[in-house]
Each structure stands twice: as structure tokens, then as C-alpha cells.
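Order of writing sets the labels: A, B, C, D and E. Residues in every chain begin at 1.
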Amino acid sequence: MKTRYSPRSYIELWSWLFAALTLFVLLAGAVLLLKDSVLVWKHEGTEILTGKEWFYRSETFGAAAMIYGTLIVAVLALLIAAPLGIGAAICTVEYLPARWRMVIKTMIEMLAGIPSVVYGLLGILILRNWIYQLFEDFEILSGDTLLTAGILLGVMILPTVMTLADDALSGVARAQRIAARGLGLNATDTIFSVSLPQALPGLIAALLLALGRAMGETIAVFLVIGRQDNQWPGELFSLRPLVESGQTLSSKLGGAEINIAYGQPLHWSAMVGLSFLLLLLVVGLTLLGLWIREHSKHTSYDK
Amino acid sequence: MTNREKSHTKNPSKSDSKSRRKRRLIHELMRLFTGFCVLLSCCLLLGIVSFIVIRGLGALSVDFLTGVMAEVGASGGILYQLLGTLLLLLTAAVVVIPLALGCALVQSVFLTREAHRRNITLVLYLLNGVPSIVFGIVGMIVFVQWFGWGKSWLAGGILLGLMILPTVCVTLIERIQAVPKKYIEAARGLGLSRAQTIRSVILPQSIGGLFTGLLLGLARAAGETAPIMFTATIFSGATLPSGVKESPVLSLPYHIFILAQDSYDPATKAKLWGSALVLIFLVFLLSLLALPARLRIHEEANHL
Amino acid sequence: HSCGDAPSQQGQVLKINGSTTVNLAVAEAAEVMRQQTGKTIHVDTQGGSSGGISMLGEGLVHLGMSSKPLTQKDREAFPQCDFHQIHIGDDAVALIVSKDIWQAGVRSITKREMQAIYEGRIKNWQKLGGPDQRIAFFNKEPGRGTWEVFAKWLYGSIDAVPQVSFPEVGGNEETRNKVASTRGALSQLSSSWADSKTVFPLSIENDAGEIIRASAENIASYRYPMSRPLYLLSDGEPQGDVKEFVSFMFSDKGQNLVRKHGYLALADLSK
Amino acid sequence: MSQPLFQIRDLEILQTTGDKKSLLAPLNLEIQKQEVFGVIGPSGAGKSSFLKCLNRLIDLSAGLSVRGDIKFEGQSIYQGSIDADTLRVQIGMLFQQPVIFPKSILANVLFAVKHLALAPKSEWHDIAQRALTQAALWDEVKDRLSQPAQQLSVGQQQRLCLARTLATGCEVLLMDEPTSALDPNSTEAIEQLILELKQTHSIVIVTHNINQAQRVCDRLGFIGLRDGMGTLLAQGTLRELMTQRENVAEIDAYLRTTESIRLDT
Amino acid sequence: MSQPLFQIRDLEILQTTGDKKSLLAPLNLEIQKQEVFGVIGPSGAGKSSFLKCLNRLIDLSAGLSVRGDIKFEGQSIYQGSIDADTLRVQIGMLFQQPVIFPKSILANVLFAVKHLALAPKSEWHDIAQRALTQAALWDEVKDRLSQPAQQLSVGQQQRLCLARTLATGCEVLLMDEPTSALDPNSTEAIEQLILELKQTHSIVIVTHNINQAQRVCDRLGFIGLRDGMGTLLAQGTLRELMTQRENVAEIDAYLRTTESIRLDT
């Protein structure tokens, strides 16, 4: 029989209080977004999800192309940042002498401190030209492409992935590694059999945090993605759209259209609806990530 | 090599050396790959930073740091932008630390049901996924309109704090969960209560996560424009705030954001890169300040 | 509250908000005013021109900045506010191309050609007598003053503009950079930014076959068709600090600041 | 003083996950004050789990739950509203595997003293010295008190844990194989300590060493595996246990290999 | 077969951090093939550290470095270009404190077999069963092979680690107090195993139990603390060591408490 729960210390009381506050803030935010976007849900129904066209003046609000762009850019960013960041973390934790670890970690964290607008400028000044030259043979229209945005975002979230992965890996007890080495596994075997499996929850957390940031990032993407509406790809899995301009939910929100929308109830609610969609998207992917994480925890007990 | 009578494989030495060679190869490849990752990451950093340094170093001087902006950024310094950003970051840190500690402890220590824990984790990841621009919009509705604060540094600090909360909190939670159970058992065995165990075992061993998270978060907050441009910062004219209501500050990212898009005067450009350089330097300084503490924690936590 | 209480007493803050285009000149003027009078003047660009209009309408600021004329709609949205438009200078919009197009000899464009490009009927510079090169048209973001000027010239009114999806550009710096580094690029840009070194302004060929360059004289005389006035907005007749500020903008010093940031001062315009 | 220290009634440990079997069959036992009670039995029988029940540390083991009750000094610790934390301060526990906090040696010894604020700071050094001396470790570590404790050898760690528990000044000691990693010399020192502590403390000790049990324990309990469940099969002095050999097969099997015991009590 | 298994020359362990003292004084020793060599000595003398030198696991201890050399089957392991990982496959090690991976029991036993690809998958089950049976654990865990191994009792964990090492099929075994957490019964089983393995394996064993040393070891080395440094003070059969008592005070002190040894070899 459980007795009714009563907190027994200040630290506990205080923790509950702030946790409740956080929850409240998020709920309030979500409710606000939902409330402000009611009009567009009524107007479009599910069309907002599946509609491939967004023309605000004819009141057509379909976000499919933007959702596509958001996902592609985020996936590209992860494809770049995940191997690079986790690889670097593995190197610092498992291969390099301990004193190097903090040096490299601190350096890479510096990358996180470069403001997004500066990343955007770097994107305009350097990256977009590289892409433009690299894919010249594909007759691309300009260097503003989904790929450009993906790469730029990848670099932006790299420090997040790297430093969190580093934390997760260094949290694995040394005795476990030494036990594996004692059995004759080499350093790399040990990584795959001991460190990575045990750090997996932390690694997934790192990727989820990075993914969240990637999807919510506005300014840098805004400057290099081209911001072309209605770029629904002819073939969903072809690579061609990667080297064409596109739009993400957040680059749309960061643009000037929000100024036009302000004061026009339906249009405004459509823009707010986009933020809500972005939120939903992050929820979905997060749930997926957490599910994978739970799943991986269970399987680690089997052989 | 002596013959092994009880070995399991039919032809031990041969198949052994084959698998050994394979593993050796994987080992070398892996070392190469991860080394390359470190190298590439560092090169990226060096490349980007040196790009900014080359363009911005010319602007850097004592006057630049201590002077007030003149000719809309084409001359003078960025004193109040710098102070404003510092103030925002400080506020954000003050806001986020108790919140993050609270959430993390509730999630990983006080909640006993796995389902409840997962809910908190979910909430945190959700918050992390909220685009910064949405923070700005919601913040504007709440602080500027409901509270009637107008633009206020406090609103900006709170929003930035909330924005980086998930990063700080999740990092902390991960570290708390990595604290070996045996330590907790040993402390409880000595008669320490849950709260005392938190203070004496859990926090000391996981506080590094708070540092990492805070640094990452503040680094991000330092460069963010979207959440503060509706709520806390203006382009020019503000100095140090004297109250809460109607007391905006200037800030570096917003300064860069506006001038990068529309400044006509070429002299502004060098100053702009100078501002970016200062911003990076600020973040670097933050990391350096935390370094001794982190190194110490690293040593302590290098448990067996 | 009644809006537009000019901050006349000492210690109160004069607040200005609006268009990023107007911002630079006004912000520098505010600097000078601060030095001269010791007053606190906050300048901000939240929400651009529309932000300037709405925040003035709601009485949150004392002066708005706008790079587009007020519409009847704006006035209706804020009936309690007595909007005054104060014209402080002009800005023109040029159609700019990248170096390769300029060097291939494309120097002018007609309204009809531009419409065809905008509607996607012309996609190659060959149709305009240029090289065999796809047209990389960067559309200025709808909602920006520059785009509205362009749209009004091309289709008469904003509502008549067809709905299209091109890659979009925002700030002037962004536009200039992107056009300069992309072959076959075309975009709209504040004329003063068209430096003829990295990006090149096309002349406009009117229906009569005249080719009109985007030169200062042509803009000043309104022969060049795409230009827009830059405004300060006040609630009622400017008074007190607001009046002082507006007078400064009209003074030689103030007008020089308008020029300094790439726009045409009032004196340059022929009415 | 006639009240027993522990009065264990139908104590049962259940596995709540998986196949929900019982780890420990209902167990009834009384442990007196100021006696050294030894627990012996085969590996995996449930000795450590039983010990953890006595100060409710078993609460922290996921997947296990307890039925029945234990009265500590007459007070029910499972059914009443007793505070488990206070209980654990009174009942010190030594784990089978030494757990060392990643701190200095000194910080480890003073861990509970500091965090429970058991003594003013000025006394800390004396407390540490006394505890380490009692645990026969002082000479080995007195020059390196501020070094990380994890570098100590396993035997040193085991004694450090003992010192840490002694420093709390608890009245009851639960020791789970306190000398398993110690050489004969240190073992003798610890056994000597146990015999001294007996004057003031009550001690429950798990051991695999019958000779040790003979040397230090007043009474013994034998927990054997019967039907896959840990079961208290006999209790009493070692001599009494020996006489049970014929009746209880498990005890016989256990003692088979320990012929050399001389019953010279 | 005349070549010794280990030829240890001036082996020294140095502390590289702090006061840079030496943990182990220069040590010379030969260990033969197919013998059981025992290492005894007081707690903290450096027995475990010495053992770790034999398969170069000491490389992984931060703050320690090794001087001198060890020849394994005639090949220098510190100075040559030998691959430490391959060496460690050949020389299995059992730690003083069992380290269990957070996986199932089966996955723990097969850990090295799987990750080193030592045998085809079809043989895994047999290997696991054989190893667990040898380690006297099979009966206790055969019904719960897929349960998390961390739930095992300490003694069970210790035997699991033994099984894990046996499963690799290594020729040399380094055992650091392999029966410290075991009851007399299991201890006997393990000792029996050691005597069997002797036919095919070479074994170095650290123990605190003189009786055990007497039962299983062919020769012994005594590492004592002299001038605060671990020093090999004597080697030979137990009988030879006993005769050294008069000469070496440390050995005398160590053996003082173990009067009951009967030298009935």
C-alpha cells in the first residue's frame, strides 16, 4: 500500500515547483499557438498538411512543401553532424589522452557561440558559391539550395552533437572498458561492444536536441535556402530537389510575410498555424527518437 | 604458439588471425575516421573563426569595446550592445539554473514512475523544438502586451532562459542518470536522506552536465535574435536599464542582424565583423571561465 | 489613453519605430539629437514599415518610419490615430543583373518583358537579346517596400499581381551578394545599392520606346518609374520633441544624412 | 534489555518483475542486542538481500519487494511510519563490494559526518583518524589522505568503507563479508575490532569463512537454497549448527569442505 | 618446453603523477608453463598491479608507468612491437572485483566470443554451457540466461566473470582472488577447476588464503611492503617460503595469523 505522496525536503518541493512552472510555460505557449491558429484549421482542414500550394492572396494555405523542406534540411544536417560529431567525440574520449579532451571540447563548443546571423553571412559569402560551382554541371539556378541550408545547419549543430556525445561517452564507467580490454578486445572493439551501447541513450538525446535546434533555426537557413515557395518535388525520393531552392517552416516564419499577415486574421492564423505545425513535427520526431531509445534500452539486455 | 586442446574452433590460429586482421583493420579505419572527424571539426572552427578574425580584427580596439555607437555603426564602439548582451545572458543563466535543476531532479530522482519521467522528457524535447521565433512571438504577447512591460531586458532574459532550458536540463538529466547506482546505494546506506544524497552524490557527479548545457545554451542564446527582437532589444538609443518596464537594451546579435542586411556605408562592414568577433570571444571567454571547474569535475568523475 | 502624447517633459523617452530602410538615416539623426539635447531617443525596426504604422496607431511609439505610403486600410485599422505623413526623402528601385548579363549586352528591359519573366513565360536571357542562360530571378520578399514599388509599377496595384513562387531575397546586402555571385541573375534592389561594379541596373524601356536610366536626375524627376517616398509618421501635428526631431530631419544636416545612406534628399526631387 | 534488537517476522523477498518468484522464503528470527550474529550459506542464497532488509536498503533495489515485518528495538520498520533515513543512520551497513566515492580518501571517511552534520568541523580530523585507525588503515594512508580514494587497492578500499561507516557512530553494524579482500593480518585486525565493538555495538555479519564465524560470532544463521529459494535452515551457535548436519542436507553439503574447523570454543 | 612462460626482468611500476614514487621495486621472476604460480602478500602491497603488468593491462591505469621488461614465451611484451590486444586474448584475466556488463547473463559469457569472433554462432550455446559449468554456475543460472546479469549475487558475478574468461579459450589465466566472494563449496569447485586446467593452462593466482595457496599452487611469490614499496621478498614452494620466515620479517608477520596450516604436501 502506497501512502499519499508528500514531499519531504525543500529541495524536493522546490524541484516540483519549477518543474510545474516549466510545464505550465510550455502548455500556455502551445495553447496560445493553437488558439491563434484556429481560423486556419477551420479554413483548410487537413489541406494545410497535404496541400502543396501556398498562395496567401488567394487564401490557399498548404504547407506540404515547407514540411518537406524542413525535414530534408534537418535530415541533411543530421547526416553531416551526427557522424562528424559522434566521431569526434569517440576520438576525444576513447583514443586521445584525457587532457586533450577538454581542449578539443572547449574549442568545438566555440562553434556553438557563433551567432546564427554570422553563419548566415558565411553561408552567403562562401558556402553558397562553393555549392554553385560544385554542382555547375547540374545546371543549378543558384547556390541557394536545400543542400546549402543542410550543410550550414549541419555545421551549426555539430558542436551540440559533439559535446553532448562526448558527455555521454565519458559517462561510461572505466571499469567496464578495462574489463573488455582484459578479455583481449582492442580499443575499437570496446567502443562498439561497451561504450556505444551504454552511451546510446545519451547519444540519442544529443541527436534529438540537435534535431530540435536544426528544425527551429531561422536566420541562417533563411539566408541560404532560397525561400522559394511551393517546391514540392516531382519525385519524392529523387536527389534533384536538394540542389534547388526551397522553403522550410521556419524560414517562412522568419520572412517578411509575417508583416503582411499581421492584422489579417486568416493569414495571421495561417502563419501561427505554421509554428504549430513545426511544433508538431518536432513532437513527432522526438517521440520517434524516444521510442528508438526505449527500444534500444530493452534490447541491450538480450544478446 | 602451443596447441590448444580445448579450443573451440577447428583451426584456431588461422581463423583467429583472420578475424584479428579484420578487427585490426576496423580499428585502424575507425581511428582514422574519428581522427578525421576531430581534425575536420577543428579545421571548420579554425576556418570560420579565422575568417571572422581576418575581417573583424581591424575593427577591434579598446575604443571599439568602450565606445558608443556612432554614425549607425560606421564608427564608434559597441559598449552598450556588449553590456546589453551580457545582461541578457546573465539573466538567462539566473533564470535557467533553478528551472533546469528543478526539472532535472524531478525527472530523474523524484519521479518514480517511468511513464511520468517520459512525459517530462517529452515536454523538454518539445520546448527544445519550439522555434526561437515562436518564443519571440509568445513572449511579445505575454510580456509586452499582457504584462505591459513594453520592451524589457527582463523579458528577453526570461525568454532566452526558457529557450535554453531543454539543452541545460537534458544534459543534466543524462548525467544524473549516468551516476552509478552503487554510489547512491552507498550514500543511502550511510543514512543520507534523498535530499542529502542529491547534494552529496548526485549533484557533484552530474553538475558537469549543467556546465556543458549552460555553455551550449548560453552560446546559442548569445547569438539569437528572434526571441529578443520583439521583446527586449532595440536598434539604438538604449543604455543600461534602470527598471523593468519600458527598459530595453541594445544587443550584439540584433545589431549585426540589422546592419548586415541594410547598411549602405562600407565602413560599417568591418565594424560588423568586429562585433561578430567580440560575440565569439565572449562565448569563448565563458567556456574558459568554466574550464577549471569542468576539469576538476572531469577528474573526480573519472570513476572506476 | 490618447495616443501621441509628445514627450515634452525632460527625462521622457522619444520612441521611433518602423522601416529598416528609413531606420539608418533616422538612427543617425537620433545620435546627433542625443548629443545636442541629451534626450533619450529609442530607435527600432520592429515589423518594418507595417510595424511602424501599427505601433504608432496603437500609441506605442511617437514616430513611425515607413517606406511606403499609408493606405486607406491602414487608416481604418487605427481610427483613433490621426496619421500625418512627413516626407523626408525618396528611394528608387532598380532592376539589377549580374555581370555576365551586363557584359553580354543586356542593358534595358521593358515592362512587358518583365511581366513575362515574372509570370514565368520567359526563362532565358536569349529572349531579351542576351546569352543562352537561364534567368535566375530573385524576387524581393512580398511585404517589403521595394517589392511593393516594383509590383505597383508592373501591375498597377498589388492586388493585381499574379501569384508566383520564385526564390526570394530580403535585405539589400543579401540581394546584392546573391545577384553578384549568380550567373544570369535578375532582381529588384534599392537603386543606390546598384553600384555598377558587382551588380548593374537595367534601364527601363517605356511604351514610347524611350530608354530611361536609373540615374539620379531621372529618379528625381520621376521619369524613372519605380520610386518610393520615405516617410516619418506622427499622430497629429508634430509637437514638442517630435517636432524638434522632424525639424532636424528637414534641416540641411538631416537631409545630408538621408543622402549619406543612399537615398534622394527632398532638395534633389523636382516636384 | 530483554527486548531483542531485531524481531523478524515472516520476512519474505519477492521478485516483482519477470516470473514473480520469491527470493527468500518466510523467515523468522530474533537477533539480540550486543551480540555478533553471523549469516552463512552458499553463494546466491540471499544473504546480502537479507542483510539489506534490516535497514530497508532493499527499498532501493528495483524489482524486489518485501513482505512481512521487522521490528527494530520494538518498532516496526516496514509497517509503521518510521523514517528509513534515520533508521539507516542508526544501522550502518558495509557492502560486499566496497563502494568508494570519487573523492579523496579523507572526504570518503568523512562523507556521512559532513553531509549529515554529525559533528562540528573542528572534530572531523580526529574522527577520521580514529575511524581509520580502527579499520587498520591509518598507517597506510596517513600520508596521502587527500589523494583520490579510487587508486587504493581493493583491500584498502574495503577497510576505507569500514572506516566510513564507523565514523558515523552508528550502534548497529551490518557487515557483508568485511574481510573478503583482506590478507590474514588485516583480517585479524578487523576481527579484533569486531570483538571490541561488541561491547558497545550490535553486529550482523555475513561471512563465507567458517573459521571467522567461529572466532567472532555468538550465534549463526544458515541461509540455504531450498526449492530455489533462500531459506533459513538453522540457527544457533556454530556447535548447534554442526549438530544439525545430519538433519539438514544443505548444511552438511556446505560444511563438507571445511573439515578443519576445530570446535575449541 | 624449457622456455619459461614469463621471464620478468627488473619490472618496476612507477607513479607518474604526484610524488613520482615507485609502487613496485624492481622485480625478477620466472614463471613456468603449466604451473600454478601463487602471489601472496599484505593488502596494498601491489599484487593486483603486478598481475596487470603480465598482460599489459596496466597500460590502461592512468598515472602509472612500467619500467623493465617481461618476456612472454620468449617475446618481449614491453619493448618489442607486440600487439597488446592479441596478448590479452592469449592471457585471460580475472579481476579482483567482478565487472559485469549491463547485459544478459548469456551475453556476458559470450561477450568476448562474440566480439572477437572466436567461434561460429552455432557453437555459442555449447561454449557458454561448458564455461558456466566449469565455473560451477550453470545449475544456478541455466533457467535465467537472458536475465540481466547485474542482479546476480556477488559470488555469482565472480563465477560469471570466470566463465567469461574461460569461454575465450585462453592459454594463460591471471586470477586475482577468484574465490574471495565464494562459499567453501563453490571455492572447492573452483580450486578443483584450477587443478584440472593446470593440465592445459598456465595460471597465476593472487590469493589471501594460505590454505588455498597450499592446495592449488606449485610455487608462490611473496610481495611484501618494504620502505613503502611493493617488493618481491621470496619465492618458491610454500615450504620454502615457510623456511624464509626467520630471515624476512614481513613474511613472518604475514604468516603469524595462519598457524593452522598443515604442511602435508
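The criterion applied here is as follows: a residue touches a chain if its C-beta (ideal position, glycine included) is under 8 Å from a C-beta of that chain, and two chains touch if they have at least 3 such contacts.
The shown structure was predicted, so the numbers you read here are calculated from the model rather than taken from an experiment.
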Listing by label each chain that touches subunit C and subunit E gives A, B
Chain separated most widely from subunit E, comparing mean CA positions: C
Which chain maximises the distance between its CA centroid and that of subunit D? C
Could you work out how far the Cα centre of subunit A sits from that of subunit D, in whole Å? 51
For subunit A paired with subunit C, centre-to-centre distance based on mean C-alpha positions, whole Å: 36
How many angstrom between the C-alpha centroids of subunit C and subunit B? 38
CA centroid of subunit B to CA centroid of subunit E, Å: 46
Residues touching two or more other chains, restricted to subunit B: which are they? 23-24, 193-194, 199, 260, 301-304
Junction residues of subunit D - those touching two or more other chains: 97
Can you list the subunit A residues in contact with two or more other chains? 98, 175, 186-187, 189
Which pairs of chains touch, using the document's own definition: A-B, A-C, A-E, B-C, B-D, B-E, D-E
Okay, in this complex, where on subunit D does subunit B touch? 55, 57, 60, 85-90, 92-93, 95, 97, 99-103, 111-112, 114-116, 148, 150, 161, 164-165, 168, 170
So in the complex, which bits of subunit B are touching subunit C? 69-72, 150-151, 229-230, 234-239, 246, 248, 258, 260-265
Note: in the complex, subunit B contacts subunit E through residues 2, 4-9, 12, 16, 19-20, 22-24, 302
For subunit C, which residues are in contact with subunit B within the complex? 13, 20-21, 23-24, 27-28, 30-31, 34, 40-46, 60, 170-174, 192-193, 260-262
Using the touch rule from the top, collect the residues of subunit A that touch subunit C in their complex. 55, 57-58, 124-125, 128-129, 132, 139, 141-144, 222-223, 226-231, 245, 255-260, 262-263
